[in-house]
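Worksheet for the structure shown next.
Per-chain numbering from 1; labels A, B, C and D assigned in written order.
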C-alpha cells in the first residue's frame, strides 16, 4: 500500500500546506517568482512537482509567472502561481486576462504589510479589496481565506475545484501569519480527495466560449483540431474579437452571472455562536483566530458575542449579514488594514460597525478585539 | 567536354521548358498597395482602372505589346501582403510561343 | 492540559527556530496535542534576533502566538530583555547560562533552570551547531512537557541522516545535564 | 491574357478566411511575413492542428487572429511567457510567437531575453517595423536614431536595440534577420527556425508606410519597401555584434546564430520528472545539465569571426 492510500499527518507551514493541497488536487504546473512571505510555496513546489510528474518553473518576474500559468492551463494542466503583495499587484493585468479568457487557475497571495515593499516578512491583509477589484474592468472574483495550514491545504483543493468548475482564476488569499505558522495537517488518502476537472467539449471543433446552460463553456484542449482563438479583446463565443457595446453586455453578463448565480454554492462562512449573539465579529485569515479568542473572552465576561468568519471572502455574504443586522445585532470588523471588509459589512448591514484595524506587522492581540466588542456593546446603533 | 551541338540541344530544351504562369487574384482582398506591380521581375502587372468593393485598384496584366510574360516565379504571391494574388504554372511548348 | 505557551528566544544562527519546531512537531504528531509553531526573525539571515513560539492545547488553538509564556527559554541577552517581562507568573524560566546575564531571578518565576548549552556543544560535541538540540533535550527533561521518546523521534526525523548520531548525542547531553554538578 | 479571378488562395486552409481582408494597412509588411510563415509550415508539412500561435498586442499581435490553428492573442508584452507555459506543459505542440518589436523588446523585453537564455523550444517571429503602429506611430525600442515619430518629433535621441545580436548573445539556438523584400530567403529562414530545436528567433524588418515611412522620407508604400532593398547586405554567418541598424546606412541581414541541436529547456523539465533522473546522484545530474548547453562556444566563434574558415587542425587527416 502506497502512502497515498492512507491518511497521513504532517506538521506543515501554511505555505507548504497550500502547495501540498494543490498537488493533492492535481496541480501539475507551477510558475512563480520568489517573494517573501510566499516563497515557501514555490520552494515546496520546486521539490515536489517533479516527483509527481509535474513542471515547476521559476520565472523572471510575476508578470511572466501568471502569463505562464495561463498558458499551462490552456495546455491542459491544473496550474498555479504564488506571490505576495507587490507581486500580486504585478499580476493584476493577466488576472484580468484569465477572467476574460475563462482560464481556470489558482493564484496564491500570501499577504504582507504594504503598500509597496512595506513589511516583507510581516503580516498584512491589505489585498481584500484588490482581490476583488484589483484588475481593471468588470468582474466577479472568487477568493478564499484560510486561517490554518489545514485550511491552506483544504482551500487549495477547493480553489482548484472552483477554478475548474467555473473556468475562472481563483485567489487563495492567505496572509503572512497563516503562511508561516506550522500546525498539523491531515492529508487524506488520495481517493478521498475530490478533484473537479474542467468540462471538455464533446464535438470537434467546439467554440472555446460557447457556454452550456450553467453559463460555463466547456474548454477545448489544444492540439485536437479545435483551432480555438483566445483573446483578451471582447469576443463572441468563437473567440472572434467583436468590440461592440452589445457584445460587451452579452459577454460581461455571462462572465459575471456564471459566478453570481452560484454564489451560494461558492460562499463558505463559519458562524460560531452567532444565533444568540448581540455582537457579531467579522474577521478572516489570521485575524479570525484572534477574534475567536476575543469572543471566548467576551463570553467569559458575559457578553454575547459570536464569530462570523469569512472562509470565502469573495463572493461576499451581503444577504446573510443584512439578515443578522435586521435581527438587531451589532457588528465589529477586525482586519489588518485600514478598513476594507468594513466597507462591505457596513454596506451589507446598513449600519456603522466598530472597526478594529491594524496597519500591519502583527496580528491583533485578542484583547484588542475584545475592546472592540465592548465598544460595540455600548454603542447606540 | 560539351560539344557545340550538345550545347545547342540543351539550350533548345531549356527554352522549351521555361515556365509560364497564369496569374490569379482574389480581388476583394486586394488593397491596391502596388507591391506586386513594383516587384514583378518581368513587369507583367499594372494597376487597373477598376475598383474593388473596398475602393482599391487591383492589378491587371500588361496587354500592350511588346511585353514579357509571367514566368511563374511566384514573387508576386510572396510580396502580396493580402493573400490576394497568386500564380499557377502553365505548361507550354515552343510552338505556342 | 489547557493552553500552554512556550517561547524560545535568541539570535539568528543559534537554531531557536528548529528547537521550537521539533518541539511543536513532537507534541502535535506524537503526543496527540494541538500545537502551533510560530517564528519571529529580523531581516538578517544571521545574527539578528530570532524567536520561536509554541502554543499547545487539547482543543483547537485559537490565537496561535504565545501571549504570556508558561515556559520561557532565553538564549541571548537581547531575548532576555525583550521576552522576560512577558512571562507568566509561576512559569518555568530556562536560560543559556553563559549568554544570559541575570542579576536576580524575578520573584514571579516559579522554576528556574540554566544550562551552558553552547559550551557543551563546543566542548563535548565539538560542534556548535547542535547547541539548540542540547537545549531541546534539557527543556524536555526539566519541563516534562513532552516525553523523551517522542521529542527524540521528532529531532531525529528532522535532521539529515548524516548528522543523526551527532544530534542524538547532543540531545542526550542536554537531557542528562546535571545542573547541580557545577 | 487576362488576370484570372479566384475566390480561393492557396494558403487559405491555414487562414481564418472569414476574417480577411485583415486589419493591416495597404503596403504593410505584416501580411508578407504571415504569408512566408504559412508557406514555411506548408513546406515542412507541419500539422496546423499541432501548432499554436501566440501573439501579444499591437499590429503584429493581430496575427493570431488570422491563423486557423489554436491561437492566443494575449496581453501586451506577455506572449513569450504565455507561450512558454504552453510549451512547457505540452512539449508535443509546435509553439510559435508572432509579435512586434515593441511588444517583444520594450514591454516584454525581460521575457524574451530570459526565454532565449533558457532555450525553450519555441519559434519567435519578431516583426520589426521601427515603430508603434497600432497606437499611432510612437517611438519604439527599434526606432533608428534621428527618426521622426509622434513621440520623438525632433528626432529620436535613443539608440535602438540590435535585436538579432541580443538574442544570439542571450542564448538563442537560432537567430536570423531578413526583410519583407527578401521574401524567399525569409521563407527559408522561417523553415529553418521552425525545424530548429531550441529557442529560434527570426527578426523580420518590415515596412510601416503609414506610421513610419511617411514621416521619414519614404514617400509611399514602394519607397518604404525599397529601403530594405537599398540598404540590406546579406552576409554569411555575420558577427551578432554587427547587427546594429543605423538610419540610411547599410545593415546586415542573414543568420546570426545556428547552434547545434541539443536538449532544450522543456526537454530538461520533463527529464526532471523521470524517477531515474531524480534518483541519480547530484554529480550525475550536474554532468547531464552541463553537457547540454554548448551555445557559448558557438557564440564565441561567431564573435571572433572564425566560424567560416576551418579551424587549425581540422585540415589534417
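Everything that follows uses one rule, which is that a residue touches a chain if its C-beta (ideal position, glycine included) is under 8 Å from a C-beta of that chain, and two chains touch if they have at least 3 such contacts.
All of these numbers come straight from a predicted model, not from anything done at the bench.
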{"item": "Chain located farthest away, centre of chain C as origin (C-alpha)", "value": "B"}
{"item": "Which of A-C and A-D has more C-beta pairs touching across its chains", "value": "A-D"}
{"item": "Whole-Å gap between the CA centroids of chain A and chain C", "value": "36"}
{"item": "Intercentroid distance (Cα basis), chain D paired with chain A, Å", "value": "38"}
{"item": "Centre-to-centre distance between chain D and chain C (centres being mean Cα positions), rounded to whole Å", "value": "60"}
{"item": "Euclidean distance of C-alpha centroids - chain A vs chain B, Å", "value": "63"}
{"item": "Chain D residues counted as touching two or more neighbouring chains", "value": "none"}
{"item": "Chain D partner contacts - residues on chain A that touch it in the complex", "value": "28-29, 31, 49-51, 53-57, 59-61, 63-65, 67-77, 79, 93-94, 97, 222-233, 240-241"}
{"item": "Residues of chain D touching chain A in the complex", "value": "16, 19, 48-50, 52, 54, 64-65, 68-75, 77-78, 80-90, 92-93, 110-111, 114, 269-270, 272-273, 278"}
{"item": "Residue ranges of chain C in contact with chain A within the complex", "value": "21, 24-25, 28-29, 34-39, 41, 43, 61-65, 67"}
{"item": "Touch list for chain B against partner chain D, complex", "value": "22-29, 31-35, 38-39, 45, 54, 56, 58-61, 69, 75, 77-84, 86"}
{"item": "Residues of chain D defined as touching chain B within the complex", "value": "1-12, 15, 20-22, 24-32, 35-36, 39, 180-181, 183-184, 187, 221-222, 225"}
